Each structure stands twice: as C-alpha cells, then as structure tokens.
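Taking it in order: structure first as structure tokens, then the write-up.
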Amino acid sequence: MAVRVQEEDFDIGRELAALTAGNHAIGGLGVFVGLVRDIAGGQSVSAMSLEHYPGMTERQLEEIEREAHARWPLDASLIIHRVGDLAPGDNIVLVACASAHRQAALDATGFLIDWLKTRAPFWKREDTPDGARWVDAREADDTAAARWG
Amino acid sequence: MAVRVQEEDFDIGRELAALTAGNHAIGGLGVFVGLVRDIAGGQSVSAMSLEHYPGMTERQLEEIEREAHARWPLDASLIIHRVGDLAPGDNIVLVACASAHRQAALDATGFLIDWLKTRAPFWKREDTPDGARWVDAREADDTAAARWG
Amino acid sequence: MKLMYFAWVRQRIGAASETVEAPAEAATVEGLVAWLKTRGPGYAEAFKDTRAIRYAVNQEYVEPTHPVASGDEVAFFPPVTGG
Amino acid sequence: MKLMYFAWVRQRIGAASETVEAPAEAATVEGLVAWLKTRGPGYAEAFKDTRAIRYAVNQEYVEPTHPVASGDEVAFFPPVTGG
C-alpha cells in the first residue's frame, strides 16, 4: 500500500515494475492512468491546475486504499496523484492493484479511481478561451462510486 | 488497434507511452498485465510454456479488439501476448485501452482480457514437482466472458 | 480555530486559511457558516448556496450539523474533482 | 486437407500437423474425428472425450457438424488457457 501526492510526473513502467517486483504470487495487475484532455465540456483546454488539501488528501487516499484491501485480496497497490500546473497529454493520476487473480485486480482498480474521484480533496481549474474555470463535479462520478455500495 | 504475439518480453512503460502519445483527446487509460505465478492449483510452478496457433491467434485477437472498439468509444488499444518459455514473475500479456472517459477504458480492458482468455488459442503448460501438466480451462473464465453478452 | 478554504471558496473569500475566534453560537459547522456570512461580501458570496459546499473537521468529512470547537481545523470546499 | 493439433491433442497424436486425404464419409468435423480415431491408439486416446476438444476450420471456431472440404485447414485443440 502506498499513496503519493506530487508535482513531478511519474514513470509508469518503473512504478509498476516496483509494485510487482519479487512477488511471484501476483497473477494480475490492474492499472488506470488519468490524463489531461485538451477538450472538456465542449471547450478547448490549454492548461490545467490541480489544487488539493495537504494532509486530508493523503488521509483520504490511505482510507480508500485500506477499503480496497478489505474488499479484495490484494498483494500490492499504489495511488499517485499529481498537483500543480499540468498541460494536455500530461499524466494526472496512476492507480494500480496487484492480486493473484485478474478480476480482483481490475475491480479494485475501478473501485479506487471511482472513490478517489468523489472523496479525495482535489480540485481542477482549466484554462479555456473564455478564461479559467473550476471544473464542476459530475453526477456520473457519484453514480460510479455508488455502485460499489 | 494493434495485436502482437511474441517470445520477447515487453516494456510496459514504453508501450503505454506509445499508445497515448500525441492524442490529447485521451482522458483515461485502462491496463491489465498478466504475470506467471509460482503457485497454481495448490502446486508450485517452476516454469511455464505457452503454445499457440499462429495465424488463428492473431485473427482472434484482432476480432476481439474490433469488438471492443464497436462496444466502447476507444481512441487506442493494444494487446501483446507472449509465447514460449516463461518463468514465475514474467509478464504474459498486456492489454490496454485508451478513451476520453475512464469507464470506457476500464470496461473495454476487462472485456478484452475476459474474451482473450476464452477465445484466443493459447495453451499453458506448467512444470510442477509432479511433472509437466497442461493447465485446465477454468469455468470461472467462461462465466467472466459470458457477462459481456 | 483554524479555517481553510479551497478552490472557488478560497477565491471568493480571498484567503486560503485564517485563525478565528468564533462566537459561542457558532458551535456547529452550519453555525460557523452563518457567522462567516456576516463577515463581508466575499464570505456571503462564497456561502450563498451551501448545497455546493462540502465540510471537513480535522480532515474528515462531516455534515453541517457537526459540532466545532476552538482547537479544530475546519475546511470549506466545493465537491472534489480530482482523478 | 491440412490437420493441426495443439497442446495435449498434439502430444497424444504425436504430430503437430499432417496433410491427409480424408474419405468421402468424413465430410464434417465430427465425421473427420470418427475417421481419425481409427488411425491408431494415439488418435483414439486424443479423441476419447470429444467434450474436451474444440474445432477450428480455416482458423475460425466451428461446431462438430461443420462441413470440411479438401482444401481446408482443420484444427483440434483443448479449451484455451492463455491470458
């Protein structure tokens, strides 16, 4: 279990290799990577800035990760979330779960990103031709999180 | 869309970077990596060998990939499957799907690996203390594939 | 009591955090909000629609009826949009 | 007609592939299996439980009743176990 909030980019290959290294009980690794899109809500986005609540962010991410381990038999998991100024195409978030079996790995990965999106205190501000705007929370994200009960 | 069957290992970081490079419409990347376990069916596994049906394998993988693109709005996808002699901890398969939205990326990834497991002509032989044995197909894999309809 | 503001709540109030001595009637999160709204137009603007605000006391989510005490860290922010 | 065998079907028969001239009555996949079983103990062993066998004609999955013709590539193998 590991949680990191950082301004720097992450190296996906290196992070995943470290996550599974030496544990030959792992049969499946589920991964989700979120990236900055250059269009959102029909408007072009030239840059994005991510604000967060230091301290509470890490607590929430750790709590979400503990919940995933309580629900699925995971060998390892990782959440990395970037903050600060980002550009289209940049990595935002990496979520990964390793398990003996693929279904647990993939389900736990979906659960982590769904819960993160509704509980972890991050806020996105996008630069558009009409100026900067705070991204509105999406009802679809609440629905996605709710299906995990 | 790309499908590869190869003996060599794959570099996950490089493959995923190539998959999303230059396409800033991508907001989410779903990934599954299958690895060789050192235990299966309660027995220790010292080595694994993967046989396949050259020609039919690629056709089936391409068909499965086309089906995923018909079901979800994907920007890119990739399936790499290794064959030949493997050891515990080695990568077996990489499946990745990129989309504007995370749910499509993750669902398509789950679909691809579930269908691959029941339709792509690969066969695993494991070396155990009792000798080599062909891995039996699991009913759970049929059930997993069937839920996609 | 330490108050923290994030995203557009922070921008409307014009501060990321402040340390206040809240009056006795501000004994819950919603009591605190009612008092903050009297402190100036930025506060009134930030809290004009409280359905759009989420609350945390000591870094845990709470309901508006949750009690607050002098040593608490109380945060106000919009629904989260990370990931 | 080209026949291909994989995994334990290949091992029991002792060949990965062969080119045969099947008799006229072997006009379907199951007809072909019935004829193959007469060709030796390895074939009989491989096909003793056909519920455990899958069939492909020209690299597409087919049912046992599927017709086969002289130019076809017909493959016999156990349920797949990749991934």
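Letters A, B, C and D name the chains as they come in the text, with residue numbers starting at 1 for each one.
One rule holds in what follows: a contact is a pair of C-beta atoms (placed from the backbone, for glycine too) under 8 Å apart; a residue touches a chain by one contact, two chains touch by 3 or more.
Since this is a predicted model, take the numbers as computed values, not measurements.
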Length of the shortest touching-chain route, subunit A through to subunit C: 1
Rounded Å distance between subunit B and subunit C, as computed from the means of their C-alpha atoms: 48
Centre-to-centre distance between subunit B and subunit A (centres being mean Cα positions), rounded to whole Å: 23
Between subunit B and subunit D, centroid-to-centroid distance (C-alpha), Å: 26
Multi-partner residues of subunit A (at least 2 other chains): 34, 102, 113
Multi-partner residues of subunit C (each touching 2 or more other chains): 83
Pairwise chain contacts under the document criterion: A-B, A-C, B-D
Subunit A residues within the subunit B interface of the complex: 11-14, 16-17, 20, 22-39, 88-89, 100, 102-103, 105-106, 109-110, 113, 144
Of all residues in subunit C, those that touch subunit A in their complex: 4, 6-8, 10, 56, 59-61, 75, 77-83
Subunit C-facing residues of subunit A, complex: 34, 50-53, 55-56, 59, 81, 92-93, 113, 116-125, 134-138, 141
